[in-house]
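The structure is given below, and queries will be raised subsequently.
Labels run A, B, C and D following the written order; every chain starts at residue 1.
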Amino acid sequence: MLTQEEKLRMFYSMYLIRRFEESAEELYMAGKIWGTFHLYIGEEAVAVGACSALHPDDYITSTHRGHGHCLAKGADVKRMMAELMGKRTGYCLGLGGSMHIADVEKGNLGATGIVGSGIPIAVGAALGCKMQKNGKVVLCFFGDGAMNTGAFHEAVNLAAVLKLPVIFLCENNFYAMSFSVKKAFGIQDIAERAAGYGMPGVIVDGMDVLAVYEGVSEAVRRARNNGGPTLIEAKTYRFKGHSKSDKNVYRTKEEIKMWMERCPIKRLENHLLQEGIEAKVLDALKEKAEQEIQEAVRFGMESEELTLEEARRLVYAD
Amino acid sequence: MLTQEEKLRMFYSMYLIRRFEESAEELYMAGKIWGTFHLYIGEEAVAVGACSALHPDDYITSTHRGHGHCLAKGADVKRMMAELMGKRTGYCLGLGGSMHIADVEKGNLGATGIVGSGIPIAVGAALGCKMQKNGKVVLCFFGDGAMNTGAFHEAVNLAAVLKLPVIFLCENNFYAMSFSVKKAFGIQDIAERAAGYGMPGVIVDGMDVLAVYEGVSEAVRRARNNGGPTLIEAKTYRFKGHSKSDKNVYRTKEEIKMWMERCPIKRLENHLLQEGIEAKVLDALKEKAEQEIQEAVRFGMESEELTLEEARRLVYAD
Amino acid sequence: MPTKTVTYAEAIREALREEMRKDPGVFLIGEDIGLYGGAFGVTQGLLEEFGEERVIDTPISESAIAGAAIGAALVGMRPVAEIMFCDFLTLCADQIVNQGAKMRFMFGGKAKVPFVLRTPMGSGTGAAGHHSGSLESWFTHIPGLKVVAPATPRDAKGLLKSAIQDNNPVLFFEHKLLYRTKDAIPEEEYYLPLGKGEIKREGRDITIIAYSIMVMRSLEAAKILAQESIEVEVIDLRSLRPLDEELMLQSVKKTNRAVVVYEPPQFGAFGAEMVSLLMEKAFDDLDAPVLRLGGEEMPPPYNPNLERRLVPQVEDIVNIVKQVLQ
Amino acid sequence: MPTKTVTYAEAIREALREEMRKDPGVFLIGEDIGLYGGAFGVTQGLLEEFGEERVIDTPISESAIAGAAIGAALVGMRPVAEIMFCDFLTLCADQIVNQGAKMRFMFGGKAKVPFVLRTPMGSGTGAAGHHSGSLESWFTHIPGLKVVAPATPRDAKGLLKSAIQDNNPVLFFEHKLLYRTKDAIPEEEYYLPLGKGEIKREGRDITIIAYSIMVMRSLEAAKILAQESIEVEVIDLRSLRPLDEELMLQSVKKTNRAVVVYEPPQFGAFGAEMVSLLMEKAFDDLDAPVLRLGGEEMPPPYNPNLERRLVPQVEDIVNIVKQVLQ
């Protein structure tokens, strides 16, 4: 059972992600961040619920829509913001940007811009953990779209037959860019695919952080006890467009509205209020998150950029 | 219901494949054929049962273990033998060899040396057929090993969601080279994977040509009636090593013996005898096959080779 | 000849539309090319005109997209596949290289695989390591493929139409930063032949050999150099395989000096092929070594200042030209 | 120094065994590498010594093999993956190129990806279009990768041991026709540095630049040419990326003439890089154009006479040397 303190931490983390994304969007509009990025708004419960079920030194692999994963795994907001601003104080020294943030020391093995490509890597990390007998597990995030890549299939099967300590967490937000899950799959629930690999398939409500936490916790236990991988489907939704260039022609206003009413942060907030937490406690957390974001923005703005000479030296390790 | 004439045709075809493979092996030993090849001995019921369920102008795609598919689809033994001998009278003018025989005009879209790579191509051919509304179906052969390639996953899913007229026929001979199905899969029956794509999965006895015929016929009907693809698992066995360099250390003598006792040709022979066919009818067919093979060997031996100049002109189409 | 002004993206769309109207065997397959209109909007409006049967959205399955195109081509269709970023060619390389490119030959000339694979290339959009590459060099090395990389709307349209009618697999590289550039193109239908380069600017002092966006930057550089009375001849290869050797050789015979400019990392890239050809066939014409100006030896960085320095810019071209002329 | 005679395959096996004994982080992953001992028998006996946990047979999933190696490397292991034929690199190119090669840089230098990918290359076995390719050129073009292609048992062992200890992804190309060739190698443990070529034969008239099996054929050719008093210097590049530029330049300074010999199709191949480097840095030393001798522009044919003509043979090397010397 989760303590109230833990739930408050979850609340803080989800709220922080939301505010991070909103302020990243503002900065993008203001030309302080460029390229493209993929906002996690609406899906916060998945990353936070899942990462809460991990030990700090467990690993995750992330995706193009990775800010939430990164923050939920405990990243420093300042260094993330600096990364989006392309600064040397960023996680990747400004070389990776939104789609490539990693924090290998802290267990975030990195985001990837190639859909599905993080899955084999997660499996390899799990293989490494198993060989090192270090008791760690790997949580592998990916989207519904990634489920139809060859990389998914090969990697998930390999993990199943080698019984590796990895949790495959599909963030099913019902669309891969404009392509709906209904068109991309011949099945109702994505989790059904697990059976074809001989592993458990589980569906969780991705708008409910507690449900995600429960579902992932069980899979983590199984993985740690040598029970092999699990495929979890978290049904969720992105409130914003796919990326900055999305005109959102493929979803109806009604559908978006319906899902926005299920906002995972509001939901946890209500739950906490019902459990007797005072509103001002939550407000204080919000205020703290706000401050953290402001500070991060300032930090990013004030940071310097890497030189070409320095970048050149990072291609190869000694 | 199959007529006796049809069954006799099947018998002839299976026997011809067996003798083709045996004589190819002899020619290999004698240095008339080189490189490597993958004998189909033991699996004849699959190709013959499956191709018998097709119209002559339907398509197939084949594999590295493709001689049987090719002959079952009606290839000219002479041109096949000449191909193995690298002659200009061969199907590929001696450029393709064992692993790349195709006969596009007759509907054999070709073998491939890259495991799994024929599956997307079969799907594309089925897409073409659907767009051309020509009523044709595509039968896609592949092995158990191919089921774990990314190509399989992506292509099968695409076929399922586009409802294409294609039949996926997995020749499960229990090994991919030395790697057993038990180790390669976390599931009992490979056909279970079909559910994950929302398509029917069917198991047939691959040592029984009549069972294969029935199973494939139903899938062909479904495909022709716009019912989309089917995954069929034909359980079978290769009596010989994987390729010419295989030392067969990964299978027991007992296992091989057990399967050889289930020889598909013997089985059909017994069935026909029980149905009242006279032994001499079968003997005459065997004799005819023998002649066809002898003639093919002679044809191949007497044929010429292509020149480099000619080969160069075949890289690009005008 | 009456002309109209269109963008590179519109020119490509026109080519697709015209060929689709002409031949029911031509169809499009790729990710988000229907309602979404493609990641760069190139296929916008085509779903409305041709319907879901001929503008086929697929799951994220690059290998299946390429393979399906090849399979359909084998049975007589003329697919045009879109791979959203050329970085993803690494995911369908087997289908392109081992199947599409080799089939005809391996099958003794008995098959025809007429398909086009369109894909955006290049950096400059801030998309960093996985969405900013230029992989054309790989495919120029594969017998059986044709490779095209147009620099202007006019060339893009005329070459794409020819690519669709070609009976071989053609990889068609479109530079992202060119999509919005404009050009006058003929009102009338037209085709441009694959395998023919074009002199985009005449000059007598030095030849710049380039393709795709580097042609445009070279033309800019040529203007600047002209102010210093350096007359640069700019050759746009347009097709990388087959390559218009003759055009290069003739130009260098005249100018006796050359520079090859390209976007991907300099080492091991296709640009070296041009140097080697000049070495072999124009050695005695050369008054100075032919130099290359390629990209930095690093993955595409996110930071925009570094990203800019990743690939040759106008000033870099100006500098290398001067270096060769010294 | 005491020596022993081993085959190229044995030398590779020794390197694997020694490094596995030394470092528990080193492990093998690939298809049929356990009981079967690998398609070419290279890993025979290693399963027995190191068990299934460190000699991992996998399903036919090239992308998962490469990706798993990269993921394991990320968390501190030193995997040695085997891809059964280099033609299949097209199936795992994304993992190698977009992940393995770029990760360190994209992550701001915070990750290390020490893995080796061993793979057999080359034609001459009658295996035709899908099992006879040489794809090294592709990977020489990728910043972040190292590429090695040894010609002798001694080099194979010493370079593989260094590759395993290197902290970067290394692609290790082994030529199938070399597996059974023999050589004297030191009894003692030894390492050879990546990035250093070697003069395999000294000569003053012309330099042949080659790698892998073409080194051996060039040495044969040199012997024949010596009978006509033509003294050929044969440079074995050994490492293709990083490349030992210095060695080439010094040699050409002496001989003033060079030929680059390689197996893959001539057009757009890595061999052009050497010509371009000599063009840039040795132009004034050259008494004749540097020529290339590469493979035919076609997929590998099955017919053995055609297959032989696909790639440079000793007599072709002799001829091109004479051509340059004329």
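Throughout what follows, a residue touches a chain if its C-beta (ideal position, glycine included) is under 8 Å from a C-beta of that chain, and two chains touch if they have at least 3 such contacts.
Quick caveat: nothing in here was measured; it's all calculated off a predicted structure.
K.L.:
Find out how few touching-chain steps suffice to connect chain A with chain B.
P.N.:
Graph distance in the chain contact network comes out at 1.
K.L.:
For the chain pairs A-C and B-C, which is connected through the larger number of C-beta pairs in contact?
P.N.:
Looking at B-C and A-C side by side, B-C shows more C-beta contacts.
K.L.:
Which chain has its C-alpha centre farthest away from the C-alpha centre of chain D?
P.N.:
Greatest centre separation from chain D goes to chain A.
K.L.:
From the C-alpha centre of chain B to that of chain C, how far is it in Å?
P.N.:
So the centroids are 40 Å from each other.
K.L.:
Between chain B and chain D, tell me the centre distance in angstrom, where each centre is the average of that chain's C-alpha atoms.
P.N.:
The mean C-alpha positions of chain B and chain D differ by 36 Å.
K.L.:
What whole-number Å value describes the gap between the mean CA coordinates of chain C and chain D?
P.N.:
Taking the mean C-alpha position of each chain, the two centres sit 30 Å apart.
K.L.:
If a residue has to touch 2 or more other chains to count, which residues of chain D qualify?
P.N.:
In chain D, 58-59, 61-63, 87-88, 91, 94, 98, 105-106, 128-130, 143-144, 296-299, 301 touch at least two other chains.
K.L.:
If I count partner chains per residue in chain B, which residues reach a count of at least 2?
P.N.:
Counting only residues that touch two or more other chains, chain B contributes 92, 94-96, 100, 112-114, 148-151, 153-154, 157, 161, 183-185, 311, 314-315.
K.L.:
Among line, ring, star, complete and other, which best matches the way these chains touch?
P.N.:
It is complete, because no pair of chains fails to touch.
K.L.:
Which residues, counting only chain B, touch chain C once they are in their complex?
P.N.:
Residues 59, 61, 90-96, 100, 102-105, 109-110, 112-114, 117, 119-129, 131-132, 150-151, 153-155, 157-158, 161-162, 311, 313-318 of chain B touch chain C in their complex.
K.L.:
Can you list the residues on chain B that touch chain A in the complex?
P.N.:
Residues 148-154, 157, 160-161, 183-187, 192-193, 195-199.
K.L.:
What residues on chain A touch chain C, complex-wise?
P.N.:
Answer in residue numbers: 34-36, 83, 86-87, 92, 94-100, 112-116, 145-146, 148-151, 176-179, 183-185, 245, 249-250, 305-306, 308, 311-312, 314-315.
K.L.:
State the interface residues of chain D toward chain B in the complex, per the touch definition above.
P.N.:
Contact set of chain D toward chain B: 31-32, 34-36, 39, 57-63, 87-88, 91, 125-131, 296-299, 301-306, 309.
K.L.:
Going by the contact rule set out above, which residues of chain C touch chain D in the complex?
P.N.:
87-88, 90-91, 93-94, 96-98, 101-102, 105-106, 128-130, 137-138, 140-144, 241, 243, 264-265, 267-273, 275-276, 278-280, 283, 286, 288-292, 296-299, 301
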